[in-house]
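Chain lettering (A, B, C, D and E) follows the sequence in which the chains are written, and residue indices restart at 1 in each chain.
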Amino acid sequence: MRIGVVDTTFSRVDMARHAIEAIKEAVPGAEIIRYTVPGIKDIPVAALKLLEDEGCDGVITLGWVGGSLTDKLSYVVASMSLQLVQLRTKKHVIDVTVHEDEAESPAELREIAADRARKHALNLVALLEGGGEALRRFAGKGLRQGRIHEGPI
Amino acid sequence: MRIGVVDTTFSRVDMARHAIEAIKEAVPGAEIIRYTVPGIKDIPVAALKLLEDEGCDGVITLGWVGGSLTDKLSYVVASMSLQLVQLRTKKHVIDVTVHEDEAESPAELREIAADRARKHALNLVALLEGGGEALRRFAGKGLRQGRIHEGPI
Amino acid sequence: MRIGVVDTTFSRVDMARHAIEAIKEAVPGAEIIRYTVPGIKDIPVAALKLLEDEGCDGVITLGWVGGSLTDKLSYVVASMSLQLVQLRTKKHVIDVTVHEDEAESPAELREIAADRARKHALNLVALLEGGGEALRRFAGKGLRQGRIHEGPI
Amino acid sequence: MRIGVVDTTFSRVDMARHAIEAIKEAVPGAEIIRYTVPGIKDIPVAALKLLEDEGCDGVITLGWVGGSLTDKLSYVVASMSLQLVQLRTKKHVIDVTVHEDEAESPAELREIAADRARKHALNLVALLEGGGEALRRFAGKGLRQGRIHEGPI
Amino acid sequence: MRIGVVDTTFSRVDMARHAIEAIKEAVPGAEIIRYTVPGIKDIPVAALKLLEDEGCDGVITLGWVGGSLTDKLSYVVASMSLQLVQLRTKKHVIDVTVHEDEAESPAELREIAADRARKHALNLVALLEGGGEALRRFAGKGLRQGRIHEGPI
């Protein structure tokens, strides 16, 4: 299994470290290729390179989104582009983002970032190992990344 | 008839169960292929795989959208990508979503989710069986999924 | 002349009836192919099928948009997809929508819907018959569909 | 030099007249092909036709945008589609729009429309004649179309 | 190394000058091709030309965004189109923008513009020289362009 990890220098947390640790624990033999870019708008082309040129089976991207309207709009742009990458390569790209407006303190942001990166790294591993059936038993279970699970209703 | 169903672990209701039940009741012999992903942004590539690689004739996707601005923006991204999937495959993908801000209680959300999943599953069956004429008699009738029909004016 | 008409069961007015009447009055020999879908997000792939598979020269789509933010976002998605259909087929698709927030009563909405469907059906006929010169004399005239014309300033 | 001009019947000012006058003054021998459509969402496919089928070297589009949220969203859709036209043809399309919310009186809107159409027509001519170097001396100069230049800071 | 620089006449600061200086200091032998356009919506096709027709290895674009909602929407459109350019060419385009609403005085805007242009020019150089590993040591460090670095948390 060959997994790409794209992260940014804009992020205030080294989310890639958490993602890579989770992957290594789950699949010790996994090959990981990491690509660091300045900000979220630089992520999609990096993900594309990892998938098409480096032979990655899937990619996890780790974006950090500021609190302004401009940042939100940049998020839309980057995320839409990651959709295009997925449709072009027909491979999963788990598009993880932490938004500065979703927490009240840096400490909380740091916890969200670590938890989200880890859980989504494991989601990617599950999809790569088990395809569309791997997460079946959690369907509709209200799972959350970066937060505690909300559970089903 | 071969129908794809994509759902998420983020959803707080097992919407796929309702959709699959409705399909089975309407077309007992239908083949159903289910693909579970973490969240809405992971849905489009799964739908594409079901249509192109698994030979599905149509797909119903079951998304759950949180109440924040970020969630709404992610909805736009996922929905736009599902449009691209449809134009590429020239097949219908019924893009069902339940939004946390459209109800006042978990119980109401659960009812919306079940009703919407069921009704839209039947819409997909109708389109696959009867094409553009199947729903003709309901045109302009103000039908609603997840709510009671509003009716024509 | 072969014209496609796409409408929805979500709409509270049978807009296709008005559009088809207008086309028939203007071009009695026109062939009309109608395709009814559940909601606006199902329109683009139907329009594409009419243009590519059914040989339509142009299409008019008749969408109905609810009053919530989610509805507005779905409008963006559907409309953007109709742009892709047009660029792919290099044919006009007149993307008609009625928005629930643009009137104060159901009666007013009904009038808007009928007027807009009729006028835009005639716009499509004009473009198909006369190309880019057909509407030249109305350029900059502040024409409105669903409302009375505003006129030039 | 062959220039396409796309305008609308929705516009309340005959912006094409101003654009064409400016082009004719600057390049008396320029060929101009005009294409009039109902509204902004009909512009992109017309621009594409002018570029691909009519052999235009560049296009100027003249849109008029109402003051509602729906109008703004339609602006995004039309503008994004014009981006796709440019990337597909690798030719410049100057996407001019006048927004009803940017002035306080019809007279002011009329002045904005005329000035913007003229100045951007000359921008297109400059790009077609001189490529990426033609506007070099104005880089960072805070030029405005429809308003007086703001100048550098 | 061949680097494209796209800037605008709309900008109130000659950001290209700062970017080019930074590139020249970092890589004295770099070839730089500059393309000046009117506004941000004209940037993407220029970037595409530099990458596909002029053989640039990467591009930095320098946009200036006004303070109105329309300006923000134009930003989304231009930025999304720059994503398409990157995915099509599989090359980095560093999409730099300065927004008039992010500062309280022209002087502050000027400083933001200069700093952001310089830092991102160096980011582009780093990516072109060192690929996805060049910025590895700054991953998660909370770097900012146009502002002082926020640092990790």
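Quick note on the criterion: a residue touches a chain if its C-beta (ideal position, glycine included) is under 8 Å from a C-beta of that chain, and two chains touch if they have at least 3 such contacts.
All of these numbers come straight from a predicted model, not from anything done at the bench.
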*With chain centres defined as C-alpha means, what is the inter-centre distance between subunit A and subunit B in Å?*
25
*Please work out the Cα centroid separation of subunit C and subunit E, and write it as a whole number of Å.*
40
*What are the residues of subunit A that contact at least two other chains?*
76, 80, 84
*Drawing the touching chains as a network, do you get a line, a ring, a star, a complete graph or other?*
ring
*asked:* If the ring is traversed from subunit B in the direction of subunit C, what sequence of chains comes out?
replied: B, C, D, E, A
*Residues of subunit D that touch subunit C when the two form their complex*: 6-17, 33-38, 41-42, 44-46, 48-50, 52-53, 68-70, 73-74, 76-78, 80-81, 84-85, 88, 106-107, 109-110
*Within the complex, which stretch of subunit A touches subunit B?*
65, 72, 75-76, 79-80, 82-84, 86-87, 90-95, 97, 99, 101-102, 120, 123, 127, 131-136, 138-145, 150-153
